[in-house]
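So, here's a batch of structures to check.
Both complexes shown next keep chain A, but they swap its partner, so chain B is in the first and chain C is in the second.
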Partner chain A sequence: MRVVITGIGVVSSLGIGQHPFWDGLMQGQGGGRPIQNFDASAFPIGRAAEVDVARITPSWLAAHTTLPPATFSPWDVGDLLDRKVSFGILAALEAWRQAGQPDLESAWLSLGVGLEYARLAQFEALLDPAGNIDWRRAAPQQLRVPADRCGLRIAELLSIGGPQALHCSACASGGIAMAHGASLISRGRARIVICGGTDSMINPLGLGGMSRLGAPSPTVCRPFDRRRDGLLMGEGAAIFVLESAEHAQARGVEIIAEILGSGVTQDAYKATAPRPDAQCSSQAMKHALTRAGLAGVDYLNAHGTGTRLNDPVEALAINSTFSHPPLVSSIKGAVGHLMAASGAIELAACALALKHQQAPGTLFLEQVDAECALPGLLKTPQDAKIRTAMSTSFGFGGQNAAVILGRST
Partner chain B sequence: MSSLGVVAIGVTTEIPAPRDQAEARARMMMSRSALLASVATAQCCAQCCARSCPDWSERHGVGFYLGVGASSGDTRQLARLVSRSMNDGALDLTLLGTKGLRACSPLYSFELMNNFTLCHPAIQEGLTGPNAAFLSRGMGTALALDAAFTSEADRVLVGGVDTPDHPIAAAEARRAGAPIGEEAAVIFALSRSEAALARVFEPQFWALYTGPAPQLVLLAGDNDCLEECHRSWPEARIEHRPARRHNLAAGPALLWLEAVGQLAQYQRVTTIFQAVGETAFRVDWARP
Partner chain C sequence: MSAAGLVDMALRAPLGRSAAEIQRRIAAGERAGGANPLFDASTYLTRLAAAIAGEPEPNKNARILSRVALFAWDCTLEVCTRVELPAADRLGIYTAVGGLRAHWNAFMPALQHQEDDLQHAWNNGFRFLHPFWMLQHLSNNLQALLAMHLNAQGEGGTFGGATAGAQALAAASRALAVGAIDTAVVVAYDSLVEPEALVEMAARGASTHAATVAEAVSGYIPAEAAAAAVLRRPGPGLSRIEVWESADGERGHPKPGTLIELAQGRNGGVTLIEGTGLGEPCYQPGNTLDANGHVGAASTLLQLAALQERLANGQSGLALSAAAPGLVAVARLDKQG
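So, the complex of A and B:
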């Protein structure tokens, strides 16, 4: 059974919606800005690819969803504090509306989500007079916003009646969620799946933890560049409506793209580093190609985080997979690393590349590192004949995902 | 309805001492859930080999699907971070960005990522196949089992791992009025071609009460579920397990473990699981 995409919704630092996202990529915009949603002035890193809203409120959500503010009145304050909940809602609504607002009573949800949000301010009440945390005081407090609030709020808003699969596979979550959603349809388990990813780690604990790892760049993110020195933290969401081709045709809706194949593997190497021989990451790409019945793709949207470790390993994986090198770019210099949503937003870039017959560039790439030499690597956006596009995601812990989209026929 | 063979089961409700220095070092980066998962997965894989199942000595390509809970990272580090960030009884972001962050290990983030509950045992056992970690309050663990049926891998490990032994998790369970479950990791080794202990059928998310009447039903569900079971299967023995309805990822897997144990007496056992606030799902088990 063919699996097709009939709706796409995107939220990113380039704007709310798929159009500002794509237009921004094509115009070479992005690259992060000083963080505004909390005071990060004392943090090691103070820039991120933040969605342009300092504080999410019911009226802000109402304005961007064109739903009445009362829709969001039942929301717990935690749902508003955890930005990924709102981003998921916005993206899901856009996708659903583009798909013609199908009935989702028997639809499934397959969503990549980030970590639960820690409400650090609530911990203040747990301190005993000596300044130590006394956990016995925790009973009446809600100390974190569970990660499944994203799924609950999306399902509630769109009346999704089927099971909710919430994928927590770090940076590979979005890609794995898309692969899972496609398999549910191709094997007849579901007729429609709302699928994608949403995440925001641009909060004190998220930014602090990543800074402590030394992961973010102190300047800009330069994927595959010899001067690369880390990633750009990003936030946002990309959500899709997936259904069988027959179901979409019966509904008379436009098919945007088709999911041709996917591959998921595990490095099983080290917790803190990718497998240096790229065997398993390459295997994920090869599995996707085999299942799609393809020898190669025209465009590959790389994981391309801009870290010292990731980029050369990924270049090795790509060069060892493709005998005919595809066009390659990474959008993480522009929109940042969306963590659990990165695979999803990068698949949105692939779908829009297929639609517009253009490939995004790699913002801030100037001097390609010899270790990252890729014949088709693009610095700037360009027109291109694109019939097939692959997105790759390589998560912390070694989870690898590759998903291939094909042009709607 | 398609089925998979159950080759072995690994289960642990406690963490043994490390076997050597290398294991002790590896554990330093693990959350409690990751530790539990690693112990149970090692047990399960060892059982597969002990049963002289030739395919299981080579684990390249074995699939791995887990229902995992919220992160269970070391709260002492979190406590230090907060304590060092306090100024006059209030959280101070300037202090957090400087002293607070330095109170944590640089690798603390890896403990907080709940996918590491899957990644650490995968690294330990060399499981390179298709994989996914499902955030679970019960349903995620069922979806992990469901994923096994659609996996490209012929051999998969599936289970649920979670712990309430985490002050945040315990506090939130009390706040929600949900029963506090037990810490556990339960891992099933499943195969398309072998069945040593049992056969397991595809999870059912709708039409739970139709089909052939089971002999035994193990139910972790609300009173509506209980009534529906009695109405649909008046001849079946129905054993209610309300304490299993806690919102931890290991809950369904513990019910499934009990089902396999009952196959000595019953040809076929049906499990219906419904965590608090979730929809119910059904999994059937039969003798090999």
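So, the complex of A and C:
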């Protein structure tokens, strides 16, 4: 059964909605800015590709959803503090509206998400002056915002009545959620799926943990550049409406793109480093090509994190997979690494590339590392004939995902 | 719907380390639970807990995996030593975790000296986080480490949430059905016996506030468990498993009708039902989850192990699970072997 995309919603540091996202990419804009949603001034890294809102409130959500503020009255305070919840519903709402607001009573939800949000102020409030836990202070507390919460809010808002699948495979979560969502339709389990990813680690715990790891760049993210020195933390969401082609055609809705194939593999090498021979990451791409019935693609949106380890291995994977090199770029210099949502937002870039017949560039790429040489690597955006596009995601733990889109026919 | 063939299983639960042991102890009238054996919860509202007896096997990955994840490792290796595994690219690992929790103990050093508004948070404590804190809390660590150990390069993934076990089984079944892989190892684990989990469950009245197991007739006893199953495509001699899921949008536990609706039409010829174990309205003798305690994402696999143990060849059973927010799952096992 053919799987098509009928709606796309995006939230990123370039703006709320797919249009500012795409326009920003095409204009070579970067979303990195000083962090504003908490005091990060003393952290080793104070910049991130943060969505331009310091504090999410019901009125902010109402303004960006055009829904009444009372819609968000039942939300717990934690739901507002966990930014990915809001990003997820904004993106889901945009996608659903673009798809013509289909009935989702029997729809599935397939979502890639990251760490649960820990309400640090609540934990801290449990401590007595000596730093010991005083349980007398533990009156009804919500100490965590469970990862389920985002799916709940999306399902609640859009009246999604079907099952939910929550993917937690680190940086590959979004890509795997998309592959899973597509497989539910192609394997006859569902007719319509809301899927994608949402994440935000731009909070004290996320930034603190990544800073201790030394993962973020102290300057800018330069994918495939010989001076690359780390990633740019990002946040946001990309949500899609996937349907069977028959279901979409029966509804008379515009088809944006088609999911032609996907591949998921596991490096089985190390938890914290990619397999240096790129065999399994290449295999994920090859599985996707085989299932799509293709020998190659016109454009590839790379995982391209700007880290020392990822980029050369990915270049090796791409060069060993394609006999005819595709155009290649990474958007992580522009919108940052959205972690669990990265695969989803990068697939959105692929879909919009197909729609507009343009390819994004690789912001801040100036001097290509010889180890990352890719014949089709793009520094700047350009017009291009794009009939097929692939998005790749490689997560901590060695999970690899590749998803291929084709132009709607 | 895609069905899978059950090759073998292994488990670790409060009432035992095999399905046979668990059923023997349930038949003898045992019910897991008592004073929290893992930490002092005497001042908590939820004081009862049910933990797996003993400790996991010594493991070089102990710095990266939690206690219950180490038990999941143990039962995965146990079952995988009993079966023949295929080539690397034909073997997939599917893990199910209850939550992506930032564990209390791991970041307490970062919180002890924070200011009320978390100003100057880095200098006041976050700089004391272990350098690998982030990596230690990745939700897919077990999947990655098992894949390395078993050389599993095929399609797989990590699912999260209270019904993650059912999700993982369903995804593995679909992958087998289309030939993406030839063997799937599905591993589910969860522990509700953690400080932050106990505080929240007690606050919303989900877990029992009773002082003794005998008094616990409303609300569940938080527990921990791990289970692993090896699946192939259905075939002679293999019990057949199918999984269905649904949701009804409830913020808490789903409406009873949601589970009933999902189970209807799938219960033909069923002779045994493993219930949800939520302790509402009262404890159900003989029910695996009631006897072991609430084990979150590990529920479905634990129930399937019980059905595989209790059913005779040719008989069928259903495993019902329900969890917040509004999630339900039904698994059917048709016993062969």
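Basically, the second predicted complex is superposed on the first by the 396 of 409 C-alpha atoms of A that agree within 3 Å, B and C clash if a C-alpha of one lies under 4 Å from a C-alpha of the other, contacts with A are read in each partner's own complex, and residues count from 1 in each chain.
Keep this in mind: a residue touches a chain if its C-beta (ideal position, glycine included) is under 8 Å from a C-beta of that chain, and two chains touch if they have at least 3 such contacts.
Given the structure is predicted, the values throughout are model-derived calculations rather than measurements.
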| item | value |
| --- | --- |
| Side-by-side fit of chain B and chain C on chain A, or clash | clash |
| Which superposed partner A:272 touches (first chain B, second chain C, both, neither) | both |
| Partner chain(s) touched by A:34 [first = chain B, second = chain C, both, neither] | neither |
| Partner chain(s) touched by A:68 [first = chain B, second = chain C, both, neither] | neither |
| Which superposed partner A:149 touches (first chain B, second chain C, both, neither) | second |
| First, second, both or neither for A:159, with chain B first and chain C second | second |
| Shared contact residues on chain A - chain B and chain C | 38-40, 42-44, 113, 115-116, 118, 120-121, 123-124, 127, 131, 133, 135, 138-144, 146-148, 162-170, 176, 180, 183-184, 187, 189, 204-205, 208-214, 263-272, 280, 283, 395-399 |
| Residues of chain A defined as touching chain B within the complex | 38-44, 106, 113, 115-116, 118, 120-121, 123-124, 126-127, 131-133, 135, 138-144, 146-148, 162-170, 173, 176, 180, 183-184, 187, 189, 204-205, 208-214, 263-272, 280, 283, 287, 395-399 |
| Touching residues (chain side chain B, partner chain A) in the complex | 29, 64, 68, 70-71, 75, 78-79, 81-83, 85-86, 89-91, 93-98, 100-101, 104-110, 112-116, 118-120, 122-123, 125-135, 137, 139-140, 142-143, 146-147, 150, 152, 167-168, 170-172, 174-175, 205-206, 279, 281 |
| Sites on chain C touched by chain A in the complex | 1-2, 43-44, 64, 88-89, 92-93, 97, 99-102, 104, 107, 110-114, 116-123, 126-127, 129-135, 137-141, 143-145, 147-148, 150-162, 164, 167, 171, 174, 177-178, 195-196, 199-200, 203-204, 245-249, 251, 324-327 |
| Chain C contact footprint on chain A (complex, rising order) | 38-40, 42-44, 109, 113-116, 118, 120-121, 123-124, 127, 131, 133, 135, 138-144, 146-149, 151-152, 155-156, 159-170, 176, 180, 183-184, 187, 189, 204-205, 208-215, 263-272, 280, 283, 395-399 |
